[in-house]
């Protein structure tokens, strides 16, 4: 199979994806301007995530490619999230086991009576 | 990648294997870029979760209009790169040169906008790290009001992230310049266009990183 | 099992040390048995199946599923037991009893200082025997680590944050304190000793140390001003930083962002420390941390107020 | 097979044929020379450290000198020897031949990796020698490292540059294994050494970029005080430890997985038996590569991280401890009903099993939350990681070097010298590090220049340290002996036959005494597994009915 057999992505698809990306950019700017409280960050991340998936799936031709490349990209993100999640598991919950002043111990383990 | 077009390296069985190998190698390199930036996103996330009010307050100094413009410019450059791969697969090299020039132009605009942003900040004392002492009034915002604890952290992370991303854009521009000269000299054909494809993949990833950077820094 | 002091662990001298040692010996013995078993198998196989002739080719061996299943299950169970046991003892190590006697520890490049609630300061840690003691530790520069091998307790001491360690000494004796986190040139000279005394010895030491140790409230306020990092936002020389300067603050009238104003007497200053977000002075932002109400003992706050009032 | 007139060594001549080579075998030799020299440097530094600690009080180094020496010992041994060595030397030389390929997927990138590695290495050594002697330890913990002298910038950029060599090597091997296997070389016919290098490649590609960004952030922290890690500026030093250990724990799997690959091959060849649990070992290598990313927090149980994250990290650490243990059982089971041939490579393989099992079991011990509070940052940890890193990865490397020495140099080394050196290394190693377990559990802290103050309540520190120092001298002598007879064999060693060990992986069965420049004349067709000795009639002649 000579190199030329590679799938050529039609320009219409590329243009459609580009349009969708621009649209999503406008959406994310608008939604960020209005204060939606706590869902502001997840929403912005969701839109950015979908834009990223669009770029990867079509522009980077993952759709037409050997799926190992998709696995490699997915692994990249998975380990970035692992790094983030376990670091936040530390930074978010610090100092609540050592101090027994009232109100600071979220872990409901009553201290062991020293015999 | 010798210049005589469709050379098949002796250690590969056929073109297909050589092309797939190059692509897998590029994807693995892109994963290292993702993890490089993941470090900075973790720093951003940790400091934002510790000081959300300082981050939202300090991000008011970033001009989201320029950020949005940069996003559109990068998306456009991604689009032109994707088109250039489309036409190099069809062998219409003249269109490829135009499209790559357009991509280079977009990248240049991106860097100019970034220069304007940085210039605006540096001139008012907003530096990463120790040099941070904002002053002056710019379109209604009194910069000296932004000198609060942990604001330096926000701007340090902002400058490190956009700085390293900017360096990647510059590297991309260099690659496109090199690519344009080679396309002009007719090195690529529908049978062999690997460098164009790989540079395109690299550029799309630089765009994806900015897609995440823009909302996190400028909008929320 | 945990009282004999074998060559492995120093003589236990705290309540929690016994549990740690039992767990340590359990793992040590199980590992030893496992190790001897594996090495025994290795040596017997190596000897029994040694090569007889140059090109003999043994038949391939069919792996038995039972052995494979067992050498997955047994280590998993062992490891689960050890994890849960370790987790329970870790909670014991982590949570200090509420009635613990609290002492402040400050680590700096290459020495320890211990400050007692009554203001006594000493370079050796005197503690009463059979009473839980909790150490609230912070460092003035790099990371150190407070480690008393006899008590089996250790915690890194960080700058700008408190870390805690608690123990209950069971023997009146003197034990070594070492720094377990590399902290520079004289890391290996950063010694102190824990002097465990009977209750009344401890009290008499405390009383007689109280004399030279106590400072005037203003001096003590100044130490709190530096230790708590107030200098980061409040200067003493009149220049405004993130927060108002202390120079000339006492007695001046303060007008607030909501238009009201008040004279800065001692109650106002105390309220500003304990509940900063309530009234914000014109031209400043509500960014002062609010945890001083819980983290600063009353004497420290009084000392700070005295210190601020002195800044004229 | 044409006689050796045209093998990879004699095909081209001259220094330029080495410095500009893209032949994976020559690049392997280049790595061998580089890593060998750095190992010698690291070893000399280790002798300094042990001589200083041999007797209480100041012996040959003052406090600063001692701190600087152990820092360079750490940096050289970790970043310049044990991480690049096995993938660089044996991975480069053996992997392409074992899968029947003519070369790696990107040969020029392979050479570029060597130059990047040398650039990083020279920056580190030059920086330490001339710019300023760094004394922060190889872990560069802030705020000490961000406050120390500017020489730290040299070491951090050296680690950054050398990191890329590791990334590109890993990337190269993954693509090679995916795309360039010979016909018939299916995934379950890959030798276990190839599986191990493949898994290591995954770790190298996924983990090394994070040490890159950590070094950049430390560089900026030091240069511009960006205040991310320095608590004086509002940063958090524990965050630096998260960044550092997110790379450095997977890095220990970059060190040990290739050695496990070597041991699997050695056990197979020298027991002339199927490696027991082939699929388990292959898949668990890849599983360890991924699980290795979940456990870094067990370095920070006392560092002030939240209790919940310590508990999570401890639990995940045991998840990864089990497959490693089961691999050891499988290796021992390989010898069952085999035909064990105790030559030097096999002696090192058995020594690996002995030392690595001790290292692994003590690893479980310090993975337990409560026990680690007492043992963290003591000599128990020093002994543990020397047992797994030196006892594991380095002994594995030495075994591998003996095993592939005939194929790399066309010469046989002296067998009796090999055995004597192995015994010396074994005795020296155990005498050095077993006392350190006891030192550590009794409470002697790490990185201590002097322990005279502790002697009154810990009198046994002096004899234990002295024993450890004597042991380190014996170990040093043993290792030097290997170097001597290895160099001797280069010139005076007898010519090696094409398959001296009766192995049946491709590098032994399908190449001459010295492989050709392009490994094979025609790409081999693979018909059997790597350890199917009972089918290997081409190696042992027709099977006589006994």
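Note that the chains take the letters A, B, C and D in the order they are written out, and that residue 1 is the start of every chain.
We take it that a contact is a pair of C-beta atoms (placed from the backbone, for glycine too) under 8 Å apart; a residue touches a chain by one contact, two chains touch by 3 or more.
These numbers were taken from a predicted model, which means no experiment stands behind them.
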### Query
Two chains share more C-beta contact pairs than any other pair here; which two are they?
C-D
### Per-chain Cα centre nearest the global Cα centre, belonging to chain
D
#### Entry: chain C and chain D: spacing of chain centres that average the CA atoms, whole Å
35
### Message
Can you list every residue of chain D that touches 2 or more other chains, as numbers and ranges?
### Response
178, 206, 210, 234, 236, 238-239, 242, 304, 307
### Message
I need the residues of chain A touching at least two other chains; which ones are they?
### Response
68, 75-76, 79, 83, 87, 91-92, 95, 97-98
#### Entry: Junction residues of chain B - those touching two or more other chains
20, 24, 28, 31, 35, 38-39, 42, 46, 149
### Summary
Note: in the complex, chain B contacts chain C through residues 54, 145, 147-149
### Task
State the interface residues of chain C toward chain D in the complex, per the touch definition above.
7-10, 19-20, 23-24, 27-28, 31, 34-35, 38-39, 41-42, 45-46, 49-52, 55-61, 63, 67-68, 71-72, 75-76, 79-80, 82-83, 85-94, 141-143, 145, 147, 149-150, 152-156, 158-161, 163, 175-176, 178-189, 191
### Query
Once bound in the complex, which stretches of chain A touch chain D?
68, 75-76, 79, 82-83, 86-87, 89-98, 107
### Task
Using the touch definition up top, name the residues of chain D that touch chain A in the complex.
178, 206, 210, 236, 238-239, 242, 246, 293-294, 296-297, 300, 304-309, 312-313
### Message
Residue numbers of chain C touching chain B in their complex, please.
### Response
232-233, 242, 285, 287
